[in-house]
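Every chain is named by a letter (A, B, C and D) in the order it is written, and numbering of its residues begins at 1.
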Amino acid sequence: MTDIVALDVIRRTIHEIAPEADLDEVGPDDTLRESLDLDSIDFLNFVVGLHEKTGMDIPERDYSHLFTLAGCVSYLSSAAQA
Amino acid sequence: MTYREAMRAAIREALNRDERVFLMGEDVGRYGGCYAVSLGLLEEFGPERIRDTPMSESAFVGAGIGAALGGMRPIVEIMTVNFSFLALDQIVNNAATLLYMSGGQFSVPLVIRMTTGAGRQLAAQHSHSLEGWYTHIPGLRILAPATLEDARGMLWPALCDPDPVLIFENGILYNMEGELSDNPSGVDITSAAIRRAGEDVTVIAYGGSVRAALAAADTLAGDGISAEVIDLRSLRPLDDEAIFASVGRTHRAVVVDEGWRSGSLSAEVSARITEHAFYDLDAPVARVCSAEVPMPYAKHLEDAALPQAADVAAAVHVLGS
Amino acid sequence: MTPRARKTAVPDRPIAQPGRAADASPDAPATSPVRPPVTRKAPKDGSAGTAKDHERHLLHQMLRIRHFEERCVELYSASAIRGFLHLGIGEEACAVGLVEALSPEDAVVSTYREHGHALARGISMRSVMAELEGKLEGTCRGRGGSMHIFDAATRFFGGNAIVGGGLPLAVGLALADQLQDRRRVTACIFGDGAVAEGEFHESMNLAALWHLPVLFCCENNLYAMGTALARAQSETDLSLKASSYRVPAWAVDGMDVLAVDAAARHAASAVRDGGGPHFLELRTYRYRAHSMYDPDLYRDKAEIERWRARDPIPALTEALSAAGALGEEERERMEEEVAAEIEDAVAFAEAGTLEDVAELGRFVTSERGPEGTPCLP
Amino acid sequence: MPSLGADMESGTVVKWLVQPGDEVHRGDIVAEVETEKSNIEVEIFENGVIGELLVPEGERVPVGTPLARVLAAARPVAGHPREPSAAIAAPAVVPTGPAPLTPAVSEPVRPSVETRSRESARAHRAPDKARRRSAVVPPTPERVLSPVLRNLAGRLGVDLGGLRGSGPGDVITREDIERAARPSIRATGRTRSSPFARRQAAELGIDLGTVRGTGPCGAVVEEDVRRAARKGAAGPAPPSPTAAVSAVDRQAALRRSIGNLMARSKREIPHYYLSTTIDLSSATQWLAHVNLERPLESRLVLSVLLLKATALAAKQVPEMNGFYSDDIFRPSDAVHVGVAISLRSGGVIAPAVHDVDRLGLDELMRKLKDLVGRTRRGTLRSSEMSDPTITVSNLGDLGVEAVYGVIYPPQVALVGFGRVVESPYAKDGLLGVRPVVTATLSADHRVSDGHRGGRFLTEIGRLLREPEKL
């Protein structure tokens, strides 16, 4: 998965769980949950959404990789290559 | 005036306007043209400029290319598109590529006219609509005059184009009658035309299919469906803007193509709509094409094989306007 | 063997023919070159030099081509040249003899084995080499490569890589000249393989029918890629095929530059003088494979060696030396000049620029009309 | 007009989903009501037949205003769950319907779309059974469905066109719809739609899942979206100025109503506050362990444990769970935990998850997800808005370490959970680093005091140390 594809997946997933959120205003190293006001259920839905779109199994211990936009992108792209 | 006469008038005008122009092809002179388009021109312009050729498509098309390179403005007539394949090497490997291969040094200002289409019971070697194949080739401009005005007006701008232009004349149109203004100014050969405005569905057609599309639009109007009919006119390059703009208004598209469906021009148009106007679509793009059989001789079979107005109307109904 | 007239459909035009199929056999290279039935002429600008000057010039041209192509092999091995590379090493006499016989206003339509024709035509070695290396400074901006050298200034219309594809084009160029009352010759060069194509027959017929000023030059190197002429043609006497279209035809020893030069001059002036199309079969041989990847399985080494014995370059060198027209010092200077020109061309090509990829789409269609008018979208 | 929260003073009927004569079932959604907070679906807790709609669409009325009359039901066979068609439930049939035997139905006209607590609703179930056969209803060949059933089918994503009716005269029954919905609930997660319809829906802010498709293969096409948009416009933003509430207006109104409610709370309720630090090492370890085995979709979040522990503790300390009104505290048997959900557009809503004390963790997780999703989409049910018995504020579990909340009247307690932090924690004389959370309680001194409050918080902590038992 290229970074662009990964970003698109993230963007679509965010849009599903928080349509009003504006990902453009989130910096790569900002914390997604704080920037987008995601509660823990939202975050779980976010992870589920990533899973549904990529087929990747995301164990709970990896959640910490998904806290920032940059983290999500690199997690998705590197995991998909592995 | 007929479409045939409009075409002839266009050739005559070109011959009169530019002494570099000459017409060359099988039986264009003494015979008067296989479809009588050039009837009488030999007497008017002489055998130097109305040149009968042997049945050597490759040689005389290639000669047209060479003559164009040598400063002439040839009009080469090929009897039907089926025969043009005997000259495919010259059209595809030379006419379309010389400018590019030579790094921009040699352009080929050549016009090739040929008859296309079915409907005259000429069976499987004189009836196919294979212009779609040529639209695959970069370097060629492909035109399909569907009206008297275009038959009359497209030739001169085509001759003015420094690059090779193929004009496809649907044989069913030659006897089509209509009025033509006395002012024979050239028409624009780069854009599609809206032949009938409508709101509910865009029917995209060209050449001989435009009539079927317009007839279908009449029928549909009776059913309360307002169909917009676009005549592509230029098959390459396609006037994407016109297509997308119309689909943007109607949100439905039916492409009518006398060619076969597989790998056809209609496939190209449909793909472009899907690529660029996807979010304008309220229904899948539909296509009405010829049955995938070599064209049969018997009238009823030929009719069944060709896209008819009723098929177009039915396709529109299926989309559910 | 002496030239003998052949009874043809055009009795008023003498047609020399070199003998029957046996002569065309690869195992029996023409040891006795066939000459056209004309006396050798001095160059047109004879006032500026002697016949020997002209011969030295022919030698110089052949050396340029030979060493240029030898250098191409090196550059190909070093990956500086890619794609198909067809070399005419051994065929230089044809290129030089024919092209030198043409005037600047004439046109040349050639094949994919055209480096020699291009260089003989006067296209600079620099731009040919740059084209081979795919550089913007090449004849075609690197768009054509080895097989597609074009040059408007010298009326060099390619570089056609479809066997037989150039013939109709040449017919058309000649038609344009005829229609515009220009006394020009279009020289159309093709190989023996093209004779099998319909386009050959269509074009011979059309040119003869319309009496067009085309000089058809068949470089018969006996193989269409790897297929020997005798395995592809029921009639291996190619000039006989041409004569069936009422085209005056000669077979010429393509390993003798003076023979080619003389025949080509004769034919070209006949064409120029309104004699209609003419046909020359230049019997020659390529020493190297068809192209760089060809393992050369279809012919034996002994055959190649037999032809090498008739190499046109040593032959002319020796003839000039024997006649006292080429000293050792002069010969060396000629070699040095050629070597320097090649070094310069290679340096030029290697210093050349690659066309900006943004230009990829240029020249699919014209940017300006022939009269400078703006083009349609 | 149901009271959907103590802060609600009035509401606007956006859309009636039933018409006079329609037979309704307990739990059916009969209307959509717009409040300052959200659009709310009004449930009915009766079985019966709609008699008369008292409030027209678009009208704003105070809380407590009767919205419609419900007549006793006409049922073909008591206890036999056969769904009558709309034709059967036509008013002309109704007079033959009332069964005279029970007090509930002896009163033929009841203003009973009024929302009531689950308990009270449940209390009305008895008459249900008592409703008996009415006049013989001729089976009708029509497959006409009541709007209620249509609405149900729409919600469940059931294509009525493809459904075979099992009722008399092949009428489609509620069971048919529910049966059809069961296997396809997952499969129909995706709504077929044309690209243009999707674009339009996005531009108009319409959830395609709620639009019935009339295109090929049931796809939603442009016309469907436009129809939905027209309906939508007739609801939330109709021509009538009273109901015209723009998003900005609504946000302001929400802020105002929260302010009013909180002011009232602070004015009337004598709050007291307690806090304690709870060791969550067992809970987080257990959760990590459990989640390790689970696919993503069924993983649990910590909030579920916190909610469950709170509910169980509330069972133990009933002074925390119930309503205080008219100077009387009425403890509640059921524990409906209000979950404070902050809206990204601003404001907070605390709809209820019902009967949390009796739910398994998985079920609770599922309900919580559903509730959060619907809160975000603005499709809450009336009961969810009106009947939390205690509120938990923890979903905003980022940032601060402790939350001291303001009680939602008429409730009497609010539990706040802060962020889980790693903290030095001494246990058995040993100091270690453990994940801990600060739990706070805001409680009503009129009902309880610090002792009981402390007991309650301690109980929560104890429960969370044994997560496997939750």
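Following the convention adopted for this analysis, contacts are C-beta pairs under 8 Å (C-beta built on N, C-alpha and C of every residue); 3 or more make two chains touch, one makes a residue touch a chain.
None of the values given here were measured: they were computed from a predicted structure.
Q: By mean C-alpha position, what chain is farthest away from chain B?
A: Centroid comparison gives D as the farthest chain from chain B.
Q: Cα centroid separation between chain B and chain D, in whole Å?
A: Chain centroid spacing, chain B to chain D, equals 64 Å.
Q: Which integer distance in Å separates the CA centroid of chain C from that of chain D?
A: Whole-Å distance between the two chain centres: 90.
Q: At what distance in angstrom does the C-alpha mean of chain C lie from that of chain A?
A: About 66 Å, centre to centre.
Q: Please work out the Cα centroid separation of chain A and chain B, and write it as a whole number of Å.
A: Between these chains, centre-to-centre, one finds 52 Å.
Q: If each chain is a dot and touching chains are joined, what shape do you get: line, ring, star, complete or other?
A: Its topology is that of a line.
Q: What chain pairs are in touch here?
A: A-D, B-C, B-D
Q: Contact residues on chain D for chain B in the complex?
A: The touching residues are 194-199, 215-216, 221-223.
Q: Which bits of chain C are touching chain B when the two form their complex?
A: Spelled out, the residues of chain C in touch with chain B are 107, 109, 138-144, 148, 150-152, 157-160, 162, 165, 167-177, 179-180, 186, 198-199, 202-203, 205-206, 209, 362-370, 373, 375-377.
Q: Inside the complex, what are the residues of chain B that reach chain D?
A: It is residues 251, 278-283, 318, 320 of chain B that touch chain D.
Q: In the complex formed with chain C, which residues of chain B make contact?
A: 22, 48, 53-54, 56, 58-72, 74, 89-90, 93-94, 98-107, 109, 138-139, 141, 157, 160-163, 189-190, 237
Q: Quick one: which bits of chain A touch chain D in the complex? Just the residue numbers, please.
A: 18, 20-21, 33-34, 36-37, 39-42, 44-45, 47-48, 51, 57-61
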